[in-house]
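To keep things simple, chains are lettered A, B and C as they appear, and every chain counts its residues starting from 1.
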């Protein structure tokens, strides 16, 4: 075992890469939950995004088109959730599970001919001088563009929720849908938009795994990241910047355990591999005492009677 | 414009009809999917639903229905009790794995002793393993209010790693020439969950599943605890008013569903599978969620739904070998079934009515 | 004759099985306070929802200052100068006052400007309010102010107020009336919905009376007696419950030094509550909603447990016991919220009879249920309390509010409790059903049951209780005999004016 082989700069840089899929999915789900909807189908939307993005980049040779396709793929799948929960008024927990089960099967079907294929690479940005600064350069300024998209999205969601009227209406719908309806806001329409946004973000997150993080396609490759993203929203108390912090924390744990595996630490591989899941549980336990910031209508079905 | 109008009370007729309508819709859209994949849809659907029951090799497939259906029904019965009470155990897959590890572990601990008490001990150990795994989310929910959905799910991944660990370490067959996986329990008589009647597919797991169905039926319809479970799911505040202790209910529902999933895992590992190996689990814990909903969380419904789902598994395998239908297509097919079921369930509680355009 | 501000002509709206409004016509003049009077279920809510654009009439027209008026949505109604203060406030607990107000405006100014304007308006109309406070922390009266200010910021021509005084103390009502009078003086018309006759006689210029969806008459309230208006509203003469003079027995329920935190985030904690109720006595507990009523019922029913000695039944400490054990002893309760708390909406009446009846009625045997006995218990409730339903197999949610309330109260009364605690026993119930529920409570007390009746309806409390106490921010005033209590005294027990001030005119 040789811990000296772990390079702290590379560790931090790869932590940000590991965190990005989580961050993208969590930010999307955060918006969905702020609108009062609990979509447990994140894992399903991610995996569909992963294969849509992968397939389109391979076919077109353009990772950018791939990411766009991934966002569309995630959003299209979330449309099924829309039909179930907003039109057919089905239970949100069950519908989210349906979405995940369906998404896992569907992606496996779509991905059959893509196993073992190598996707086109996106390439990292390189800004002269700045990217070459030792330590800071590789950590902050030598990543793929989507990683920055994730951070920008966090900032945008934060600002929208806090400062804009759209954000205020979204929060109002999530807080008390009956009151929002009484004031004349279109609860269903706003929720549908939020769910589609969440689906697109999850799709992006999934494609980040298949196109950048890994990069290749294997069945079920999201391996619970979607579920961890759900936990992350709770961890973040529905606050975007805390979601970023949480994503980096989880990213750090994932990268660290991979590094420890590679360095041959005397802990069996399986125990290292299960550590992110166990830590997720621990974090959930620590944070479950405080539920006050959860949107009050979260998970409740809205039906305008009269 | 179409409007939804809440029925004064749930429609009995629709609550029975919904699963059938959902199955039909799945056949139509599944057929469409198969057509897109370049298969003859009628032939594919026929193969899936007809071949295992009445085809040339039905004598071989029919017992398989019991073998595949039993774990699904056993797990789904447990899940349905929790789902009815609004307690969402979706980590049955993990509990199933732990049941198998504990059950097989208990049996292998006695190897090569031959004794009548070994198998009963394995049954208890299997149930205990699943129960223990489910008690983690249960305890955390009761003590800290932690979300049981996420915890039970995270524990599936942990259990999968555990499974990998024991198949490579603790339970590895010392005479297995270095290959991962345990000794084969099928060749260890005292631990073997053999068929009760040769060639029937009937093993102890099938018997237990049937007992679970009856037990659950009596519990839900004739017992106060079952009434409290239903009440908690429909109106949590009313349940508290009626004197239900929510913590005890959580521990009971999660514990029971964990134990049943553990039993399913134990019967599987000691019978049809025989070996604790890395790829021992095949997703029964997740498919059982579909079975539970398809059966409308009703014990008899679950029995029928379990049979149907087993049929799609076996029929899917036949379609795979005969028509080259991808395995994933069956997974999509099963996912579709849940999707349509949830969508059509609307008709149980709402009437669809054409209406003049109205701001409603 | 001048054009009225709003003229309703033949408005009709039917829902499956019920005609909510049938050819309703009347005019609201400029600067007029117009009362809309009617029992629960008379169709008042549907009518105002049509004016506010939440519901579209099946037929009939509305004219606003002579122009056709058919708002497609509340936004359109607001744009035309219609504002509405809801009975159940449409507020967002987790947002602050300014954000709540911004949500009700079409083009809200910047938050800081809005906050300044909120301060201005609240000063002018004597409704003090901090724009940055979280709404969930406000009292019921303060929450109503948020709604009113939200409306006033739009300079409405017509302000609709739906039962505004049900959440106020008598002193607060007086202040509200000052504000409304000031608005009238400025030329704003007000449509005032209520079933409280005295209020309408004090405040309103004109009244329209609805019964079963029809306009059954108009009057000038100041010139009409309350009794006449009541008869128009109900359609028949009412019988008031009879009470026989009775002697009280020993203390049955003794609550001392009871303090409990609220289980919900925006709830009210109970602080050092003391009360005793003797056998045969009816203790009425008044107070504005949200001052600890739900918590008090919860702690008496056993849903919230507390120190053993804080609650004693016949001298036995029961604070630690759960609902089932308390029922076994003879302490029964009926919560305010019928659907979801007192009854499970989707379950049958038989199952709902089992919900609280299992122990005392012997409906279970070692945990196994006796469905036949349960069904006959449900049938007994249905016939004894005249619950209108085809049978006990029907779901609770299929019953009307009044019928379900009769079922819920009947379920407890028929179990012969030693102590009965009810919260809002006649809320949302029509007059005839309310009278029969009150009579049932009085009959029970006459047989020696100690009754605690929590209610926001002061008239009801004066009618049935022997002694009166009020809940105010989780504290209970010392109970006093009802006879001889004045409205002012009651108001002070309820907490006076909660820091409101009279409008600066």
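The criterion applied here is as follows: a contact is a pair of C-beta atoms (placed from the backbone, for glycine too) under 8 Å apart; a residue touches a chain by one contact, two chains touch by 3 or more.
Computed from a prediction, not measured in an experiment: that's the story for all the values here.
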| item | value |
| --- | --- |
| Other chains in touch with both subunit B and subunit C | A |
| A-B or A-C - the one linked by more C-beta pairs in contact | A-B |
| Geometric centre distance via CA averages, subunit C-subunit B, whole Å | 47 |
| Distance between chain centroids, defined by C-alpha means - subunit A, subunit C (Å) | 45 |
| Distance between the centres, which are taken as Cα means, of subunit B and subunit A, whole angstrom | 28 |
| Interface hub residues of subunit B, defined as touching at least two other chains | 360 |
| Contacts with two or more other chains, residues of subunit A listed in rising order | 306 |
| Residues within subunit C bordering two or more other chains | 53-55, 73 |
| Subunit A residues within the subunit C interface of the complex | 165, 168-169, 171-172, 175-176, 178-180, 182-185, 292-293, 295-296, 306 |
| Subunit A residues touching subunit B - in the complex, by the definition given at the top | 40, 80, 83-84, 88-91, 93-95, 97-98, 101-106, 108-109, 112, 219, 223-224, 227-228, 230-231, 234, 268, 270-271, 273-274, 277-278, 280-281, 284-285, 288-289, 291, 303-306 |
| In the complex, subunit B residues that touch subunit C | 5, 8-10, 222-225, 227, 230-231, 234-235, 237-243, 245, 356, 358-360 |
| Touch list for subunit B against partner subunit A, complex | 4, 6, 37, 83, 88, 90, 136, 140, 144-147, 149-151, 153-158, 161-162, 164-165, 168-169, 286, 289-290, 293, 326-336, 338-339, 342-346, 349-350, 360 |
| Subunit C residues touching subunit B - in the complex, by the definition given at the top | 16, 53-56, 72-73, 301-303, 322-325, 327, 333, 335, 337, 339-347, 351, 354-356, 358, 364, 367-369, 394-395, 397-398 |
